[in-house]
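Would you mind keeping the following structure in view while I ask a few things?
Chain naming follows the written order as A, B, C and D, and within any one chain the residues start at number 1.
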Amino acid sequence: MTTVLESLNRALHECLAESPQVRLLGEDVLDPYGGAFKVTRGLSGAFPARVLTTPVSEAGIVGLGVGMALRGLRPVVEIMFGDFVLLAADQLVNHAAKLRWMTGDQARVPLVVRTPMGGGRGYGPTHSQSLEKHLLGAPGLRTLAATAAGDPGALLKTAVLLDDDPVLFIEHKLLYGKDLMAGGDEVEKLPVGDRYPAYRLRVAGAPPPSLTLVSYGYPAELALQALKTLAFEHEVFAELFVCTQLAPFDTGLLKESLALTHRLLTIEEGTRSLGWGAEVVAGALEAHGAGLRAGRVAAQDLPIPAAQALEAAVLPAPDSITSAALALAR
Amino acid sequence: MTTVLESLNRALHECLAESPQVRLLGEDVLDPYGGAFKVTRGLSGAFPARVLTTPVSEAGIVGLGVGMALRGLRPVVEIMFGDFVLLAADQLVNHAAKLRWMTGDQARVPLVVRTPMGGGRGYGPTHSQSLEKHLLGAPGLRTLAATAAGDPGALLKTAVLLDDDPVLFIEHKLLYGKDLMAGGDEVEKLPVGDRYPAYRLRVAGAPPPSLTLVSYGYPAELALQALKTLAFEHEVFAELFVCTQLAPFDTGLLKESLALTHRLLTIEEGTRSLGWGAEVVAGALEAHGAGLRAGRVAAQDLPIPAAQALEAAVLPAPDSITSAALALAR
Amino acid sequence: MNPCDDPLELYRRMLLIRLFEERALESFSRGLVYGTTHTAIGQEADAVGVVSCTRPGDVIVSNHRGHGHFLAYGGPAEALAAEMMGRATGVCRGRGGSQHLHWEDFYASGILGGTIPLAAGMALAERERSAGAVVVAFLGDGTLGEGVVYESLNLASLWTLPLVLVVENNRYAQTTPIARHLAGSLTGRFAAFGIPVEEAETTDVLEVRRLTQPRLDAARAGEGPQALILHTYRFSAHSKGDDTRDPAEIERYRMADPLPLHAARLAASEVERVQREVQQDLERAFAAALAAAPASPASLTPALGSTP
Amino acid sequence: MNPCDDPLELYRRMLLIRLFEERALESFSRGLVYGTTHTAIGQEADAVGVVSCTRPGDVIVSNHRGHGHFLAYGGPAEALAAEMMGRATGVCRGRGGSQHLHWEDFYASGILGGTIPLAAGMALAERERSAGAVVVAFLGDGTLGEGVVYESLNLASLWTLPLVLVVENNRYAQTTPIARHLAGSLTGRFAAFGIPVEEAETTDVLEVRRLTQPRLDAARAGEGPQALILHTYRFSAHSKGDDTRDPAEIERYRMADPLPLHAARLAASEVERVQREVQQDLERAFAAALAAAPASPASLTPALGSTP
């Protein structure tokens, strides 16, 4: 069994081994510590000259990454907690994302900024957020999210080694310890799309779905639990799309499914308003025309509180997904 | 006749005159220059000790504003161009917006951050954007937008003098020179809502609308033109909601109208993906249930180019609104 | 509780911090606390030395490693423990947790550096209020990596704000030794902005007070921002576990432990009495916190207070 | 076009900048250019003095006031004019406009300060390429207000990057005089990070070269980042119009106009010839730009190149 953490860590090893262009920067990324969440463990030992621990300067190190990328390197920058990524928002939106296009397609910025988002560990309001929603939709910036339903390492490797545009790569703290989903017999899995696939999951042998669930990252694990509960306890059959490319989001992905179900439920951990789900729903409605029904499960529009009971009340959970799905299926 | 600029400028005068708590900070806000867009003209002359010109430090001055607000002042911070607001994204999202709630409702942050957004002046990729979409949906942050359809000065005064929570106040460069909409005889105007109203516009004497347009700021001016073109040239009757509170967005506002029209078109100048319109559409669909059709008019998902012809191609225009409306009305 | 210049009282405050932090770590190990924490064991003389020089009405701006500052300020140990345990009686109703504290004129947040412009803004507000209050902001050596700190130094200096910046240089940012994260010099960072700066290698609470008082006085007198750099050390790990430092290095610094250093000046019987009292106080505080009701989801208010 | 040490050639480049900027402003007044611009009239010696010391392969990072740097670098005047006029033949296909230029190893952007970490990153890449290239980044006095500049100085110094920072102190950030936006000292800002810094009050291109060369050499030799502060002045308004400065002050600085200062060293006939040639070149360049096809919406490519 391989965990998401192991998969990502191995991918970074391979990136460094396979391309001399790859550099890794971040706060506290050196061994023996190996990064706050250990994603970079072993890398500085193996590639001491190409793994750089940095001062506490999120904007600076993302900007450095942009400059390195402009001059032929393939930097990977780790932001220790996703909560700090807004310190680099200007660098991402006004520099990384724009440079290629604004220079008349002359420059290239093959930069990957990796960062762990998400709550569920009691870290409180500044260390638990899912802030990717604030960066989605910036023209020229691709946002990807690791998932245990796919191969997060392969996803990361593609972004680092093959993508010539900047990528914001979202990980989720609670995903690190998860095993990669095996091709089990309870759930069928179908990859859709090419470079950055989505995964289409159904309960094996279930009748055609009456509901389309769309999610990514750790909440997709919760959605998967809900998918099973719906099937086994409520005889409501849904299919779940676990996306890896959050932005730009390709509505076409859902077309066939929605034509069948006419019902869409998005599940994410970011706060609800102006979240990723809004784009998924709006795009689906535009493409689909009248007859669609939709709902969104997300965190309450609140900061993430520290206390366990409060945090649990604010974040989405399998139960809230199941009930939203049932409400929609009715 | 009063322009939006005059209305905002007068409001700031009144804020300073009426409350000793008010302070104004920003780059180059002093007379005789009076700010890059002249919104602060005359203020430093009248209130020299309370109008502070600052270094080029967007994060710093927003942070200063948060601190001032925490200790009883009512600061108004101007960000010279909205394009630079992401430099203060962390201050807005992780400090200003959170502090009240995260301290168990003890602290107050009555801060207003004003900034001009928008293109149409050939300023190029870093001076023409509508970046508010990246900050919408941050819990604890209210985002308002000035409109010529209402009273932008009154809106600003309310935010500065009466609101105890942080407000991001969006202005549009092309709106400054516009005259406030008179209660003309061609278009009927009905304010909806309370403190931060929306304005519901219809062609006077038109039959019940078959289409709901929703917009804010300068694009609402374009939508208004489209509203007339639709009525007078195509006999398609729409009603236009010009919103002033973008976030949190109250879907309830549109309920009655959508129950009638079942058709929703959002118009904004920010780039399309994950824009304000996504939330409006998604929220409307959730509230409305099946039977809704929707579309979004927005800027193309590109940086804003400098060349006039390119800029015009990327930004929304009355024509594109009219055709989107016609497609939806059909 | 501030100000204070009674040596025994200073000891009591340092001991309160030390024992609070030890209990906090122990509560973590025992699973009584959820989340994370950063303890200030070893840095007690900074917190107590500096804060004991402040006056009522002065503002303290703290950071992720803020329990010591909070307790030195006189913040209630029970409400702090309750906050860390997610109790309704927590100082921020369980919302903030260890890193996000607010009580009277004390503020802390977990975003490094982002608090410094806030501190400058508060200083501006206080200056205009003319009650003569000063803002004291604590920051770590690693936090000098954040650009917004320099924006704030520039603004505070330009506008002569009553702000005292206290850098606790514990020689590490998380696991990164200062030589790997900081170029040039600590003092130069302040001098560059025309901010008077002093530094000292000390864990002596009285020495910290001697250095602090003139900074506070100068800021209060309208001389603008002042900086104080205290070279210190933390004995505990950065956070709960995971210490990558050389144990021999830690042992070396332990020889300058601020508590025995200061206790040596006091009568042994007084020290023992204070130890008993602080133990008892903390016993009570942690027991009360543990017994309090968990923060309830019913207590969640909206994110915006004054909805139209 | 670089490097260069022929005095006449240096004059030609400065004149090219001067006359380009004058034409640019005139084109604005005549409505031939849409948008905005910031001209470098008065600051020509900085651009030419510094850039003429660079070698092919060195990288120039410029800012909102970048025409001078661009032309000093040898960027084509026609493509620059075309860019400002929104022509398909513009150096960035009409997308960037005046503030956003890229040509060969030259980069400019309109976000103040945000270019400095980019420059540091480029320097890192260049150092590892071992072709011995150096990155030269221009920034204004006002840009020292931005925090990310200090994050970059720290990183560049820590990592000994081959980066030369050139501060053009024209004494104003837009309309704000330096005394109102900058506390402490300009040199202190670099010294604080262990970066060797020199400053000079000069508009003499040869003097600028004398100061620049050792900085470039040091950076190239692996001695890490270097800073050069040039106290200068712009004669033109910040942007198109709106000048709030005292006209008498402008006149005073005009006495140190870099062009006549340097021309005085050259034979009058040579100067006249160069003036004629530059006039003709620019005539041609602006005419060609004007005649070129406007950038067409059909040329708009997607924002992401390598879609899956």
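One rule holds for everything that comes next: a contact is a pair of C-beta atoms (placed from the backbone, for glycine too) under 8 Å apart; a residue touches a chain by one contact, two chains touch by 3 or more.
Please read these numbers as outputs of a predicted model, since none were measured by experiment.
Averaging Cα atoms per chain gives one point for each, and the point farthest from that of subunit A is the centre of D. The geometric centre of subunit A is 30 Å away from that of subunit B, both derived from CA atoms.
Centres computed as Cα averages put subunit A at a distance of 36 Å from subunit C. Taking each chain's centre as the average of its CA atoms, subunit A and subunit D sit 40 Å apart. The set of subunit D residues that touch two or more partner chains comprises 90, 94-96, 100, 109, 111, 144-148, 151, 154, 158, 180-182, 303. In subunit A, the residues that reach two or more other chains under the touch definition are 54-55, 57, 59-60, 83-84, 87, 90, 94, 97, 101-102, 124-126, 139-140, 248, 301-303, 305.
If touching chains are joined by edges, the resulting network of the protein chains shown connects every chain directly with every other. Residue ranges of subunit A in contact with subunit D, taken from their complex: 23, 52, 54-55, 57, 59-73, 75, 90-91, 94-95, 97, 99-108, 139-140, 142, 162-165, 193-196, 245, 248. Residues 144-151, 153-154, 157-158, 180-185, 188-189, 191-195 of subunit C touch subunit D in their complex.
Per the touch definition, subunit C reaches subunit B in the complex via residues 59, 90-96, 100, 102, 107, 109, 111, 114-126, 128-129, 147-148, 151-152, 154-155, 158-159, 301, 303-306, 308.
In the complex of the two chains, the subunit D residues touching subunit B come out as 34-36, 83, 86-87, 90, 94-100, 109-113, 142-147, 173-176, 180-182, 242, 244, 294-297, 299-300, 302-303.
For subunit B in complex with subunit A, the touching residues are 83-84, 86-87, 89-90, 93-94, 97-98, 101-102, 124-126, 131, 133-140, 247-249, 262, 271-279, 281-283, 285-286, 289-296, 300-303, 305.
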